[in-house]
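Each of the next two complexes has chain A plus one other chain: chain B in the first, chain C in the second.
Take a look at the complex of A and B:
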């Protein structure tokens, strides 16, 4: 890429990020949004201070473990359900409706049920997994329907058995949609874990946000939010690169 | 009368109608009687929308006849596909975008669950002029190269029946002629019952033993012409007066309105 093309490609997003940070800083410095909006530099200073590393690090480890577990569990269940509808087509309509129903029920409304069913530490994982399951199920089922008619014709004339067609055609054809689902599931898994921690977890970034809010520890609150958001964004970006690679290869 | 050798492929009184989304039915084919002897090359010639691709899809086992019967060696077409003895080159090349040229051509082996004969794959790549592109992906190839890869794939298992659905339709005239000469050469090397669907009169006459001319709406067989040129056919056949006379005759048959003028 020429320097000029690079400027055209990366210039506007970088400018956008700079303007966002600048606005944050100015609003904080001049108290435009009141006392609860600190300047960006104050939040970064709080994050950089080694005195806070133990507190934030412990909370982050707990939350990220819940996110990882929720993401993997949700992906596993979503894929398993999608495969089930593929192997046993009559189940499709029923599972579709069940998954949509669960998704339509607000996690907040389910939380009391979770609280009597499982330990407080498991709730973040459960809510995260529930939200991820829906996304992955939708991505995988629509991916499995993305097989091109011409390719399906080819496999029929080649005398492919159903399992062969599945491995060599339907699965590769499903990968682009699935990769998009895996990317979109990242922020969803974070949201599920953070919200889940508000129902009595003893540790985690979500809990830290709530307690910092109640105790008016404004820089701590913003530091926890920033840490969560940045991690989610970075993972989203990495999965975006993966998605682009899959789309280039399989479409 | 002596007992005739039974046809390898037979369509008896075949009609095919499709139900459209609005509930109406469209008759694509009506009263089709057609037989292909073993090793015969038959071209189905007709204007677009005359149902000639439907004839091919019926023989490929991709559609079932509404009335009448389609039999290959006395059995249902799907049995030929299940035995991995059918080769089809589609109008849309239908190459898998995630596989290289060599992997695409080797795909029929993998689907059949048999060992890939790499030497044969390489030989076919050379035959269709794709040497140097064996590891390229379909997206990196031109339209003509994709079609050639698709024809190589149709031939790789050494099928008994070859179906070609306008495989050269997207090619420019020069490449198309070149492919016709190549196909004629490949075809001359073995016994291969072939059905070619095309709207190119030249292509049909140059390649086929017999030409079926169809008309559309509903698709019917208008006439049959036996091509008189002996094999192997040299491209110089294309320049003979007999060839041109046959081209004119069939072109008129395809366009009866012009004939009436």
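Take a look at the complex of A and C:
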């Protein structure tokens, strides 16, 4: 790429992000949005100050552990359900309906059931897992259907056993859709964990946000939100790179 | 007979869940403060229709207003970005970033910024609808029907005419996709916002019931929330399909 083309490609996005940060800073400095909008540098300084590392670190460890556990559990359940409908096709319509219903149910509506079923510390994991399950199930089932008819015919004509066809043909053709699902599940798993913490968890970033909101601890509020969103974005970006690699290889 | 078996094929998993719920309550002999059975929950909803309806109407009105504002602004900004390449280059990455951020994390900030008010709930829903709309409509505007753009330039159409006859119609199907995606998110955002800071609506009703361990009321609210969300979801889905078949 010539320097000129590079400027055309990367210039405007970088300028946009820079202007966004500048606007955040100016609105905060001149109090254009009132006292509850701190300048960007104040939030960053709050995050960088070692005095706050214990509080933020402990909350972040709890939340990120819940996110990881929820993400992995949800992925496992989603894949297992997708495989089940692949092995036993008549089950498909019923599981489709159940998964769609659970997805359409706002997380908050399931909270009382979770409060009965499990301890308050596991609710974030459960809500996160539930939200991830839906995405992975949809991605995996549509991925398994993405096998090209000509390829399936070839496998059948050559007399491949169903298991061989599954490993060598259906699974590889499902990978691109699955990789996209894994990427989209990142913010969803964060959302689930944070909402889950609002139902009585004793620590975590979601809880920190709410208590900071109620107690007018403005820098803490913004720092917790920034930490959460940045972590989610970075993981989303990394899985985006993985997705691109899978799409190049398997499409 | 075929109708019944069709119904069973589609709904067996949901029915199984209900049966497990009922069976668990009966077998473990649970107190209704811990977990009421399905029927008393339904009875609570049916015997207080006015209360549930009023709160559901309020939540749906808030969510609808928020989604409408978010969709409108999102489409407007997308069209503005279409008019200027620099603006599009600057705004698209920001839109992508914000539409992949866990939106619920922004609720506490918006609540603090705008105050504990019903208009804040509308604003929260609008923000959650704005970014996906901007991204989807923007993508639709980039993906104009092949050749149509050339035809317009050959015929010497002005920029305004192009906007009116080519770009705006091309944006509609993607606007409907955005609608389908933002409606469930909007309902969730509205209920969460009511839960955190509202004084009315289903989210508030739920928190109030859960805090005094009125589990029948809390689960009844869950039921109404689910029905409302599924209804909105399928309406948006149908609207998208109707427009899509009419439009192309």
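To be clear about the criterion, the second predicted complex is superposed on the first by the 250 of 251 C-alpha atoms of A that agree within 3 Å, B and C clash if a C-alpha of one lies under 4 Å from a C-alpha of the other, contacts with A are read in each partner's own complex, and residues count from 1 in each chain.
The rule we apply is simple: a residue touches a chain if its C-beta (ideal position, glycine included) is under 8 Å from a C-beta of that chain, and two chains touch if they have at least 3 such contacts.
This one's a predicted model, so the numbers in the text were calculated from it and none came from an experiment.
Visitor: Touching A:42, do we find chain B (first), chain C (second), both, or neither?
Guide: A:42 sits against neither chain B nor chain C.
Visitor: Tell me the contact category for A:109 with respect to chain B and chain C: first, second, both or neither.
Guide: It touches chain C, and chain B stays clear.
Visitor: A:228 in the overlay: touching chain B, chain C, both, or neither? Say first, second, both or neither.
Guide: second
Visitor: Give one of first, second, both or neither to describe whether A:154 is in contact with chain B, with chain C, with both, or with none.
Guide: first
Visitor: Who contacts more of chain A, chain B or chain C?
Guide: It is C that touches the greater number of chain A residues.
Visitor: Which partner chains sit in contact with A:72 here, chain B, chain C, both or neither? Use first/second/both/neither.
Guide: neither
Visitor: Regarding the shared-chain residue A:169, is it in contact with chain B (first), chain C (second), both, or neither?
Guide: first
Visitor: Just checking: does A:84 make contact with chain B only, chain C only, both, or neither of them? Give me first, second, both or neither.
Guide: It touches nothing on chain B or chain C.
Visitor: Can you pull the chain A residues that chain B and chain C both touch?
Guide: After superposing on chain A, no chain A residue contacts both chain B and chain C.
Visitor: Which of the residues in chain A come into contact with chain C in the complex?
Guide: Residues in contact with chain C: 11-13, 15-17, 19-20, 33-34, 36-37, 90, 93-95, 97-98, 101, 103-113, 115-116, 186-188, 190-191, 194-195, 198, 206, 209-210, 212-213, 216, 218, 221-222, 225, 228-229, 232-233, 236.
Visitor: Of all residues in chain A, which touch chain B in the complex?
Guide: 148, 150-151, 153-160, 164, 168-169, 172, 249-251
Visitor: Quick one: in the complex, what on chain B touches chain A?
Guide: By the definition above, chain B touches chain A via 60-62, 81-84, 86-88, 90, 92, 94, 96-98, 107-108, 110-113, 163.
Visitor: Which positions of chain C touch chain A when the two form their complex?
Guide: Per the touch definition, chain C meets chain A at residues 9-14, 17, 34-35, 85-86, 88-94, 97, 100-106, 108-109, 111-113, 184, 187-188, 191-192, 195-196, 203, 206, 210, 215, 218-219, 221-223, 225-226, 229-230, 233.
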